[in-house]
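Shared between the two complexes below is subunit A, which pairs with subunit B and subunit C, respectively.
Presenting the complex of A and B:
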């Protein structure tokens, strides 16, 4: 028979047990924080009627997304992001939901792009949204959630950059930027990090914006929120001021929240406060989280309009940053104990020890063959299992087990009745 | 603008926060048990080169699976089950893996079928496998894992039915069933539950099997494993006997493990022990878990042949059974506390209380508007949030908060400093 090459598609990934232990550990932390702040999980289908996915992207949808006709000639598509499936879910269900509705969603999405470094065809997104309120309390809460996520994941030097689209538009207006060029100007300013001040000035000039140097000067942040606010005193900065006071009440450290009037974010649906998170230890990774206030997320799917606030955490980038930092060195992906099998006659005793351990919630494995002890120890070593239990006829006779630490190589005999306490006291230390 | 209907595809499902809380609760229990027994999680791609998915199904693959050509004319397919993606993963990685390799996998799969009651196009599967050993210890361990899963999920009357394909083939041989009719005979006997003894007899006769009445009589289980074994004493029943002794050492209650020589399971790749789990409280749901020993799972993808043992838990059926039993009545999907906002001036104090609660890990929400208290309480009620915190100017003056139980309707003022202890002591009770 012809062997099929066990390949995966370029731009997709498979995760073994080591990878998954790390990913689950990060996801569990994130989910716990979301849930502490009252965000509930939802999950939307992966196979969707194509129009519900493509609608947002106009003529581009066909090229950007994975879409196809099934055997029944139905047009189907895989989600490109979690925003559109959430908008569809909300439009279909809002009448039954408690409003404002707070949800989180962690699922895979698909991009029909040529895969490159950092650009995958299949990857996870991780979104939270509060929909159905205009209150700036939503923005403040999201900033608190962001702060907790990055702090608990061990990021020690990160910033939440914030700005207001409303304020940005006011400033544009005062510089006579025509309304129809505002969004283009925002997209140009969004490239500040990539093309530098010179590049931005040039592109803005090309667009026909006047007095660009002064405009950029006005947008530049000062050393503190207060100083930036006071320089912008001729504009209505009440939105930022209220946000800052709420964030203070929520005890978000002032060094974390940065007001940066140049912060733009390229998407056109933001209408108020926007956020972007960067880690100063991993500046090359770019934004690790971003989002903002929107006014009409569900417009594609229902007549009612709902204002909301949401951010997306860049799960894959967070994983890269944590991997770079060595955050996963202490993770123990496999069992804590290997129960060896001394000989054919002792299989039942080994099974009894195995049952004793697992019934107490101690993660364990039993070796499946009657192999030489050396081979059994090698298996424990390969899997990074820290403890090995050996019970030969002598130990059995005395009601004892030999416990061997794979790290130190030391071993000692203890009564079987003390085994659980011995291992549990080790767990706690 | 034309509104897009916010529909989902028939045969797919979306899960709101209530559903997800239940599903996560079940998944977390299952994962914890798997991990206690040393099974590690893996995850395989959803978009796959079509040949890696279709290979197993011969000419049927195209009809059974979701497959399509992408923009670059690559043939892609979504997984039909988790067995094939696992076989591919193992074939690609076994040289780096510690053998035997124990993994669990919980992911969605897709069936290009017409959806009917109980048949979805998109649903979860939940598999465990031990691959790379012939030892019956693997079978025994899997029976222990199954026992723990169903016990911890609160199934009080379930059976693990077991049989040996080897033994079944021996019995067929003694009844002169031709080898090329053995698999067909197995498929017919597999329908015993559906078409009854009469139906099976008839179909076997039609197939050309002789002495069918006696054959079926030989396969019928007695009241206990020992009795059945002793009736089959002319056959080699050592496999079952060893399994039973191992299961006894693992303290699997004897009323749970049932030896049933009529147990067939339709798939042709089983070669030894097979399992099927039924819940006597939910007999109409059929098998809640099933699987067995196979000899060459990865044959499609590599030249080496590996023996393994694995079962699939019917996650969606387990959910239905638990729902029927009312297992989720006590689940609290939303936050435990709602912090209300008394008036515009007290927003900051409310935020501070909110921060106090969440920083102690108490799941909470803050109400986002300055609405009438009645409306805020209604929100808590709709979300099933059990406690509401109110702090008016009077309470604030005294450093107190009013805590209201939504269930009893009772409320009392306590010093803010005692709030955390008050709620934590409630959590424990």
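Presenting the complex of A and C:
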């Protein structure tokens, strides 16, 4: 029989227990914070009628959407992001949902990209949205959630950059940028980080925007939010001011929230406050989280229009940043304790100890063979299990167990009745 | 017992080594009051001040919750609570040391030998912090009181506790391995209490 190559598709990935433990640890933290702020989880299908997904992301987006005919010759598509599946879900269910509706969603999405570094065919997105309210409290809350996520994941120097699309449009108007060119101008300004000021000036000129130097000068942020606001005093900056005051009440440190009038974010459905998160320790990674206020996301799926606010966390980039920082050194992917089996006669008592540990919620493993102790210890070492429990006839006679620390090599005998408390009270330094 | 009716409330230990010296101190500050057995409060005769007698470890809570304006508490308790309180006076009484003690016949020679051992204490947070600092992994056995008895009962290999004279440690056939910190009684203040009230304290 021919052996099939055990390979996976280019642009897809698989994760072993070490990697998955790290990913789960980060996901658990993120989910816990989301639910602390009252976001509930939802999940939407992977297989969708093609028309649900196609035609929402422009020509380039359609080209990158996985779509195919299934066995019944139906046209299907895989999600390109979580925003469109969420919009469809909300449009189909809003009458039954409590409004405003807050959800989080962590799922795989697919891109029919040519795989290369940083571009995958299959990856996770991680979104939160509040839909069904215009209130700026939603924006402030999302900023608080972002702050908690990055702080708890150990990012010590990150910024939430914010801007208002409304304000940006006001400024464009005062510079006589034609309405039909506003969106293109926003996309050009969005490239400020990539192509620099000169590049942006040139492209704006090419577009036919006048007075581009002054325009860009007007948009440039000052050293503090107050200074930037006071320079823009001829415009209506109340949205930013209100947001800043709410964020202050939510105790978001002022050094984290940065008002940057050049912040654009390319997508054209944003209508109000927008956010982008960067980590100054990992500037090469670009945006780690982004999103904003939208007014008519569900318009394609229902007649009613709903205003909402949401951001997507770049889960894969967050993982890369944390890996670079060495954040996962303490992660314990395997059990805390290995119960060894001393000899054939002690199998039952080893099983009893094993049951005692696991019933108390201590993660443990039992060694499956009656091997030499040395071999059993080697197994613990290879799996990175920190404690090994040994009960030879002598310990058993006294009702004791020997507990060995694999890290220090030290071992000591304690009464079996103290084992659980010993382990639960252990302070790993 | 509404706080509006009394101007100032001071939380004092209801029993234990700080109680008598605390009352002496308050009398030296000029407060006149009588304490009755079993009474949990005492009103001052010469000032709009009320003393409340509470458990040692609750004093910080009363101050934190804005129920008491001032509290007299040991630094050892503040260390264990790990919360920031405004200390306005160090009172010079209730002095004691926080020590690690081991049985006289113990094989432990230095604190690094405590690795992997069991240490009994009523101050688990303080001990954990110390172990972290010294990079020692050990089992912190929490006991509410009389921790000195634990080694002889086979419950622990060492203890971490406060000691004034070292007598209790000696009586339990133990010796001090290392002194980690010293402590005395301090006067703490609630951040909402007006600073001028501090003036009455010596």
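Quick note on the criterion: the second predicted complex is superposed on the first by the 419 of 429 C-alpha atoms of A that agree within 3 Å, B and C clash if a C-alpha of one lies under 4 Å from a C-alpha of the other, contacts with A are read in each partner's own complex, and residues count from 1 in each chain.
The working rule: contacts are C-beta pairs under 8 Å (C-beta built on N, C-alpha and C of every residue); 3 or more make two chains touch, one makes a residue touch a chain.
Since this is a predicted model, take the numbers as computed values, not measurements.
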Superposition on subunit A - do subunit B and subunit C clash or fit: fit
Three-chain overlay, vertex subunit A: subunit B-subunit C angle, C-alpha, nearest 10 degrees: 90
Contacts of A:37 with subunit B and subunit C, given as first, second, both or neither: first
Partner chain(s) touched by A:426 [first = subunit B, second = subunit C, both, neither]: second
Dominant contact partner of subunit A by residue count, subunit C or subunit B: B
Which of subunit B and subunit C A:162 touches, first, second, both or neither: neither
Partner chain(s) touched by A:147 [first = subunit B, second = subunit C, both, neither]: neither
Which superposed partner A:279 touches (first subunit B, second subunit C, both, neither): neither
Where subunit B and subunit C come nearest after superposition, their Cα distance in Å: 7
Complex contacts: residues of subunit A adjacent to subunit C: 403, 405, 407-408, 410-412, 414-415, 418, 421-423, 425-429
Subunit A-touching residues of subunit B, taken from the complex the two chains share: 1, 3-9, 12-18, 20-21, 24, 35-38, 40-49, 51-52, 55, 63, 66, 68-71, 74, 76, 78, 88-89, 91-93, 97-98, 100, 102-103, 108, 110, 112, 121-122, 130, 133, 135, 137-138, 140-141, 144, 245-246, 249-251, 299-303, 333-335, 341, 347-349, 351-352, 354-355, 358-359, 361-366, 368-369, 379, 382-383
Complex contact set, residues of subunit C against subunit A: 115-118, 127-128, 131-132, 134-142, 154-155, 157
